[in-house]
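The structure follows.
Letters are used for the chains, namely A, B, C and D, taken in the order the chains are written, and counting of residues starts over at 1 for each.
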Amino acid sequence: MSELRPRADGPHAGGDTRETARIEAFSDGVFAIAITLLVLDLRVPPQASQVPLGGWLAAQWPSYFAFVDSFATIGIMWINHHRLFTLIRRADHTLLVLNGLLLLGVTVVPFPTALLASSLHRPDARVAAMVYSGTFTCIAIAFNLLWHYAASGSRLLDRRVDPNAVRAITRAYAVGPALYGLALGLAVVSVTASIALTVALALFFALPSRPRAAV
Amino acid sequence: MSELRPRADGPHAGGDTRETARIEAFSDGVFAIAITLLVLDLRVPPQASQVPLGGWLAAQWPSYFAFVDSFATIGIMWINHHRLFTLIRRADHTLLVLNGLLLLGVTVVPFPTALLASSLHRPDARVAAMVYSGTFTCIAIAFNLLWHYAASGSRLLDRRVDPNAVRAITRAYAVGPALYGLALGLAVVSVTASIALTVALALFFALPSRPRAAV
Amino acid sequence: MSELRPRADGPHAGGDTRETARIEAFSDGVFAIAITLLVLDLRVPPQASQVPLGGWLAAQWPSYFAFVDSFATIGIMWINHHRLFTLIRRADHTLLVLNGLLLLGVTVVPFPTALLASSLHRPDARVAAMVYSGTFTCIAIAFNLLWHYAASGSRLLDRRVDPNAVRAITRAYAVGPALYGLALGLAVVSVTASIALTVALALFFALPSRPRAAV
Amino acid sequence: MSELRPRADGPHAGGDTRETARIEAFSDGVFAIAITLLVLDLRVPPQASQVPLGGWLAAQWPSYFAFVDSFATIGIMWINHHRLFTLIRRADHTLLVLNGLLLLGVTVVPFPTALLASSLHRPDARVAAMVYSGTFTCIAIAFNLLWHYAASGSRLLDRRVDPNAVRAITRAYAVGPALYGLALGLAVVSVTASIALTVALALFFALPSRPRAAV
């Protein structure tokens, strides 16, 4: 509501920085919690278990695999969020709602992760792989919505940001939904191929391909 | 205790900003954790389950529905909290306690959410719907207590805030307890109507009705 | 290690504020998470439960009671921590370790809370009440250790803090271990009296007894 | 991607501080959550338990022991992370990824902690002790990777940091993987000796050996 905005000559006239600061702090909290809750799905053997501990743990490999894949993916998403907000300087209600959509996707991640880990041995594991890659597809779409809204006409960007940088990000982000959507489609055919693609995407974004790459 | 307050000519003479900053940081943490803990009630099928995965997941729709409804409601509450604290510049003991009451309500939300999700199939689901809308009613009341205390005579507000803006917020916030109270009353008659109202309220606050709306 | 400290003429010459800032941020995180994890012990009825929902929930009153008592106690402790760090301006290794001891106590609270809630119906509930009040006694002692270390000879305090204020806090904090220790002793005789004292202490600190009280 | 970096003459020309600030905030969140989630493995007796409460709790000593050991170790790691980032002033993509590796190790800690607590009574407890000390070894290695990358040629350090201080940290950190690796090796021979070493390391780092030690 526009009434909530202090007058431009008020003490917050330059206060937009403070506003995105609190959005970033809240988002950081949600990312940090979602990434840490993943550990709750790493289980210890039941008290009565007679299976040797080493063997029991080794049999849990799908849990460890899903944990690392999701950790890396959420971590990469946090880096991307962090980068966008070095360029976004102002906030409005729509940005808050779009950021909320993005965070909704991020908080959900521990669920498809647990689902994937617990279903890899099942004949219908492809349903779990579809939910898993589908979640990442939705998050990638939310990232694009957020960025397009903020960057369109430089609506919420720092005015001194290089327009070429903005266009480069727009191109780079458009690839996300396509690639995660491909992982979603692959899941119907091959669970292994679908998951391998999500791993490859995390690695691709984690390992910068160009030595000159900087934050 | 007044002794705890550094002297006005001390290094914190202008330090009230810092004080609300830490209240905001603590509140952000609580909001972020409460909103993220909601995911812990999205369950995976038991190991021995023979039901096809797609069907099993589809049958869990009340959990997904309750998750999104509560996520949206806590998200909107965070936006409101964020807005209030762009106007509140000073803090005292009573504000801390009232903010604590509000956060008590927010941290509870995962419980009525899980209760609602697990009870929708029961004949006495209206008890769960009453607890759910009752929790939101209490939070809406706590918001009003906090705002009235801070705004009364501009007690803790930034002195340059427009009095018309203060009155507009006071009017807007008074609607919250009334509408969530209505959802509480509706739950006795119709669980569906009560929950639909909580969804409508989240959507209403998320989608600004006026194109000129800003933060 | 002293080598880790940038030289006094370095860019951090005035950087002590930044250092306590990160201690506060980390502590805020721990307080916020501990207070929010309390909700995980509010349970929903098992799927197969035939008991009417209202009756089932009412029978869980010890959980709700313990939740609110612990929430209020952690909340008051956060307010106290927040107040101390408006006076503490510098940090050293010992302060970090003492603050860690305090946080150890705070993170434990969800455990005695769940223990108390699940044991109130047992004949040996006084063991749970002793663990509960004993935890708070330890935290109160840790608060005193932290404050004495920081305030002794104004070691880490803002130099402009009023010495009378420091003495007043020292006196006020000495009461904590005594009163929570009393609750611990009372638990041997009467579980009800012990718990009532912890509630009374939370209320006493939450409701300022003197109208002039400020942060 | 270098395009994401605002031009050096932009409003962020001096903004590197802000960048590490958000890395620290995210890391603080992860440390705070991981350290607090440890409490979820402190269990209350099952409802039907007939064992006296005191005896039941006493039998859980491995859980309390593992809780305190892991709490202290994560706490020490947080202090170290905090110290490094008083020296690191700039960030790039590689630093973010190395910090992510470190945080991956930290978020995992509640799992080997629960594993150790639940396995101490088993004949094959040494597997759990190896996972436990192995996790800390990996975290110590990640710390070294992070520090070497940042400090090599003063790549990301505050330019006014004393080179002797940098060399002292490099020497001190090299000890970590060696000592935790020793604990890992000891676990094969003696579970008790391995765990005792992890406790000794936490105490050694918590209790500064030199009275002149400062942050």
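One rule holds for everything that comes next: a contact is a pair of C-beta atoms (placed from the backbone, for glycine too) under 8 Å apart; a residue touches a chain by one contact, two chains touch by 3 or more.
Because the structure is a prediction, the values reported are computed rather than measured.
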item: Residue-number overlap at the chain A/chain B interface, same or different (half cut); value: different
item: Relative to chain D, chain with the most remote C-alpha centre; value: B
item: Gap in Å, rounded to a whole number, between the CA centres of chain D and chain B; value: 34
item: Separation of chain C from chain D, taking each centre as the mean of its C-alpha atoms, in whole Å; value: 24
item: Shared-contact residues (touching 2 or more other chains) in chain A; value: 25, 29, 33, 37, 40
item: Chain A contact footprint on chain B (complex, rising order); value: 24-25, 28-29, 31-33, 35-40, 42, 44-45, 47, 52-54, 57, 67-68, 71-72, 75, 78-79, 82-83, 86-87, 89, 158, 160-162, 164-165, 168-169, 172, 206-208, 210, 212-215
item: Residues of chain D touching chain A in the complex; value: 1-7, 9-12, 15, 18-19, 22-23, 25-26, 29-30, 33-34, 37, 40, 91-97, 100, 103-104, 107-111, 114-115, 118-119, 122, 124-125, 127-128, 131
